[in-house]
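First chain written, first letter: the chains are A, B, C and D, and each begins at residue 1.
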Amino acid sequence: MANTNIKKEKLHPMENLLRMDRIPHIWCPGCGIGNAVSAFAEALDKLELNLDQLCVVSGIGCTGRVAGYIKVDSFHTTHGRAIPYATGIKLGNPKMKVVVISGDGDLVSIGGNHFVHAARRNIDLTVICVNNFIYAMTGGQVAPTTPTPAYTTTSPFGNFETPSNVPQLAEASGAVYVARWTALHMRRLTYSIIDAMQKPGFSVVEVISPCAMYYSRINRLGDGLDMMKFYYDNSVIKHGEPTDNLEIDYQKEIIVGKFVDRERPTFSDALQNWLKGKGG
Amino acid sequence: MEKIIEIFKQGIESSKIDKQKICMVSDIPYPSDITDYLGIDFFHTSRGRAIPFATGMKLSNPNLKPVVFIGDFATLGGNHFVHAGRRNMDINVICINKFNYQKIAGEDAPVKFPRIPFLPYASFDEPLNIPHLARSCAGVYVARWTLLHTDKLSESIAESFSKVGFTVIDVISHIPEVLDFYYKHSEEKAGEDTLEVKITPDKKIIVGKFIDRERPTFIDAYNEQLSSVLGDKFIKLE
Amino acid sequence: MKNSNISVQSGTHTLTGCQACAEGALSAGCSFLGYYPIHPSFDIVERYAERFSDVDGVLIQMEDEVSALAAVLGASWTGKRAMTVTTGTGFAQMAEHIGLGIMLETPCVIVDVQRDGPSEGIPCNPGASDIMQARWGSHGDYEIIALSPNSPQDMYDLTIKAFSLSEKYRTPVVIVTDTDICNKKEKINIPDSKDIKVSTRKYYKGKKENYLPFQYDTKDLIPPMVDVMDGYRFHVTGLTHDERGYPVMNDECQELNVHRIVQKIRLFVDDIIDIEEEKTDDAEVVIVSYGTTSNDALNAVKQVRKEGIKAGNLRLKTVWPFPEKKILELAKKIDNFIVPEINYGQIYLEVERCARGEAKTHFLHHDSKKVGTAEDIIKLLKKVTK
Amino acid sequence: MKANPNDVFTGIYYIDGDVAAAYGALAAGCKFLGGYPITPSTEAAEAFARKAPYVGAQFIQMEDELGSIASVLGASWAGKKSMTITSGPGYSLMMENIGLGAAMEIPFIIINIQRGGPSTGVPTSTGQADIMQSRWGSNGDYEVIALAPDSPQESFEFTIKAFNLAERYRVPVMLMADECVGHMTEKVVIPEASEIEVEPRRFYKGKKEDYIPYKRDKDLVSPLVRAGEGYKLYITGLTHDEKGYPILNNKSLPDITKATVKNKKSTNQFLVDKIRKNKDDIIELQEQDLEDAEVVIVSYGITSRVAYRAYEQAKKQGIKVGMLRLVTVWPFPDEKITELAKSVKGFVVPEINYGQIVFEVDRCSHGQANTILVPHGGASVHKPEDILGAIKQIATDDKKYDNVIEYTTSLEKLIFKGSLTEIINK
């Protein structure tokens, strides 16, 4: 197919960014991951990056499959280890722009330590965390982000653990850019991703997404679109809100916005300075 | 016996807690006479896994009071730290924090640091702000002392025993000369915002009790939630 | 190789095994070291840290061993030669990512400095009890290459060889060494840089559109590789994948994928295996040894030869894949095998298997305290030849 | 001892192997499950979580597998029977702490619902490639016990058996089920509590002052105590002596620990001996027509059900074939195989991997009989025809081979248009 110069009609507006040979994707109808991918693709389009220099790394889970649909160098790694894998790529080739797209369970639960430490080191990565409050790929288990007292298959009598507050964890560990949007804040989300990708250092964008298949079904919250609308309608934009207040309660108001935007030397900068100081 | 253990012993004794119920879990080995010295059980687990080990103990026998000593905490067990805090597991964590700073509050250390083979990057790889991380992951009691604040540290330990929930005490420790230097450049500020207590070369080391609050523990939340759903059929965790 | 910066300090040096390993890595052009500090492997890191700017290298202390190997795999895909160093307990944590390395067919080198005993064991004593772990440590089916040096010089040579093999076969290679060799200080000879030959990975040369990350019908079963940023826009996954690297989950794909990964090593064992024989031609009893134990075994052979016992030694430089044919060949000639190991029987089982009942196999628990002495081996040699 | 009636959900169920394993664990008196979701083992954790509050058991979903196994070790020392449940990748993450469990001699069980590997592999389909890993996966020397069920009913029964063995020998016991068993829904009969034999924990009964943690009884196993009862336990993963105190190398110790180093005898030897010497009590096999067999199928787990079909077909065709099913995969029945090898022509070993147990069989046969491997990469089970083909091949071939023969399966022929060896030789 190398020499087809005939202009074909586009199958999809983002055709050049997606692996069209893998469509249809695996996500359920009404899932918010698609929105996150669209926003990401839109951001790439607007950024006009050299896509050869971009690399997407994912872990395991529903969101972990994102890497497989974006037509750049993409890695689908092991559970929770997307960030260290991406760290290796970034340090191995500092020219690369590395984006980690994964879910809440992958990044905050099993990968929590890597999240904390990559933020502490301030490795130049952009992390897009799609938070759907549940482990969806394995069939709806309780996640560290599950609000109380939501029902899941491993909390059959209601969740009682305090949920994680992803922006706060990111801030406390040293991330330089932290924002949160719901899956329907498409334009704002897109611009947030653009900001995050342009920012040197560890930046985190959390996307609140519905899980139509498990979270909403077990808790009887309607279909995916209902939930998406619910999240959108119940969100309040408060830029610069202290991250302490960002806990998400069950079916309550969600504070969204850009919370942290600060400067810190990245790992590579610090390394270069240190090497200079050493006379090397 | 190591200094921290002596202080720990003072802490236990002044807290009037039933010694038998304390289990010390650590990922660093201590001399084998520690059990006789303190009169408690001691478990040396694999690196970084002391907190989940203690979590298992606590849930199996809620009467136990596991105390976790973590050495160069900052790395291996970070995730367990965050999640135990989030769950508010009734565990007391004592972090032995041995960071290296040639400079504190703009002043150079008077001694040459011992060679630290583990950390070729020590001079620029920023250490975690442990009190702040502990606060962010919802610890109920957070304090920091150097090892030379003997009395205050032991008081703090005793106090943490009276708390129910995830407590963190960041203990700054080092070889005596350096520790002395750290001690001289520390400043007590109780209730300081944990964001401000990050250790940097141009500020004094801030010590003190930063957080003291109440939250239901994992076991309380579990019992409450399940009783409300299941009523009598539920066998409480006690 | 794109990043072919190598740094060779030719000449004779007195180095410990650890330092020799770091020198070997630098000579082989290793430009990424991700690690988590653990006794007794950090001396390698130290030496590397002193000199890594010579190869434009990157050195990073990760938060644990799990992430150390993950970072190494990531770096390898950027075209760097990458390695990690650890010891038994850390190696156990790396298990999952060894599987990922196998599945993504990523070249990398893992140095496991073994210590004695399970779990934390005795950190300062040498051991040889991770040998089977190196072969079977990760879940799922795979073949691995493991090398076992017995002196600092060997450590240097085998580190280079490990990089060579990993690049050639697109697979993680493990160096299983122990504290004894790593702490031993000896004279080593570092050759001229032009005498050092490291295989480079097979890069893809065809048209961009036709690139298949896991092309199966190559002659040597090893698919050609590309780096990130070369513009191939490839996708790779730890899931069972087809030639394009896309996940397809059925038994046909599993066969295509895993069987090839297994066979790409099994069918080239003759090329990979490296053994050293000492007086096995006329031997009646042969010691099969590896690592630090082989020094003791060689001593034992030397001493009993004086007394007229026809003993020989077979030293495994590559422990995995196992030299099955050689063992059988010897078994047909001799009566007894002796397998001294610093464990409770691992390679012994392999020798027993390959001997196929043609020769008796005796196991000897060579306690870590006895490393450096050959008495127990001599005793057993005498006993079996009586 | 009989099971506690409160823990046993007596009745006839139509459930899958995962759920059956959870019921088995509860019936055995398991009171703690630390888990982390991973396909295909999650159903077991879910079932456990649903039933746990009624029996006073505790389920916690930890932050990762490293945490879940560590919590299980802790729970076991606190006095509860405990377990974790996982699949391949999670199992790999647990390796370090399995070693710790073995070194501390903690009784606990791990249920590994195997899936196709390596790495993430095929999460929703079957595999049997973690068998060797269960034996050798952690660093250092230790012995474990592994059981392989082939139906949901066995999944229930073997879980109880696994707990009994773990408590009996103070050793980690692995239940190496696979996705097929885990997701297979069948009739499961859970008997009355009075019919279930449960091994109670061996608690120490003597005086508190005299307690020595690793002082062994005649069968090389030492009694346990609970943490928090004033025994002043010192328990470490470092190599230790009878009292549990670490043995360290004098030369390179920090000063503080030097004082405690005396002449101590390591207990490592016992970690392997307590299993090797009690092997005969542990090993359980199912035999069929072995007396006059010329060809013996050695199988375990789900494969034995497929192999049984091949066995029946071979019988019909007049081939003298027998079946040896390994109920306990580890420790391996060396002597049994050696004995059989003397009388049979060959072994057929079908496995859903590219050769693991087959090498053990080959080793134990000491070259007396041929061994043929029927490999399978996973994601489905063997075709009985392939196993039958292998039986025929070995029954008709009189040559003695120097190594394990690999049967070229129909799948391999289909994918590679022949075998991989041919591609190379082309």
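Keep in mind that, in the parts below, a residue touches a chain if its C-beta (ideal position, glycine included) is under 8 Å from a C-beta of that chain, and two chains touch if they have at least 3 such contacts.
Every value quoted in this text rests on a predicted model; they were computed, and no experiment measured them.
**Student:** Pick the pair with more C-beta contacts: A-B or A-D?
**Tutor:** Counting C-beta pairs in contact, A-B comes out ahead.
**Student:** Distance from the CA centroid of chain A to that of chain B, rounded to the nearest Å?
**Tutor:** Centre separation, chain A to chain B: 32 Å.
**Student:** Need the CA-centroid distance for the pair chain B / chain C, whole Å please.
**Tutor:** 40
**Student:** Please report how many Å separate the Cα centroid of chain C from that of chain D, as a whole number.
**Tutor:** 28
**Student:** At least two other chains touched by the same residue of chain C: list those residues.
**Tutor:** Touching at least two other chains: 62-64, 66, 89, 96, 99-100, 104, 119-120, 237-239.
**Student:** What are the residues of chain D that contact at least two other chains?
**Tutor:** Residues 53, 63-64, 66, 89, 96, 99-100, 119-120, 236-238.
**Student:** Which residues belonging to chain A are in contact with no fewer than two other chains?
**Tutor:** Within chain A, residues 76, 78, 109-110, 112-113, 116-117, 144, 157 contact more than one other chain.
**Student:** Think of each chain as a node with edges to the chains it touches; is that a line, ring, star, complete or other?
**Tutor:** If you draw each chain as a dot and join those that touch, every dot ends up joined to every other.
**Student:** Where on chain D does chain C make contact in their complex?
**Tutor:** 66, 88-89, 91-93, 95-96, 98-100, 102-104, 114, 116-125, 127, 129-130, 132-133, 135-142, 236-239, 247-249, 251-253, 266, 268-269, 271-272, 353-356, 359-360, 362-363, 365-368, 375-380, 402-403, 411-412, 414-416, 420-421, 423-424, 426
**Student:** Please give the residue numbers of chain B that touch chain A in the complex, ascending.
**Tutor:** Counting only chain B, the residues touching chain A are 75-79, 82-83, 86-88, 121, 123-126, 128-129, 132-133, 135-138, 215, 218, 221-222, 224-226, 229-230.
**Student:** Which residues of chain C touch chain A in the complex?
**Tutor:** Going by the criterion above, the answer is residues 32, 34, 53, 58, 60, 62-64, 66-68, 70-80, 82, 96-97, 99-100, 104, 207, 209, 227-239, 244, 246-247.
**Student:** In the complex, go through chain D and note every residue touching chain A.
**Tutor:** Touching chain A: residues 35-39, 42-43, 45-46, 49-50, 53, 59, 61, 63-65, 89, 119-120 of chain D.
**Student:** With touch defined as at the start, can you tell me which chain A residues reach chain D in the complex?
**Tutor:** Touching chain D: residues 60, 76, 78-80, 105, 109-110, 112, 135, 137-139, 141-142, 144, 153-157 of chain A.
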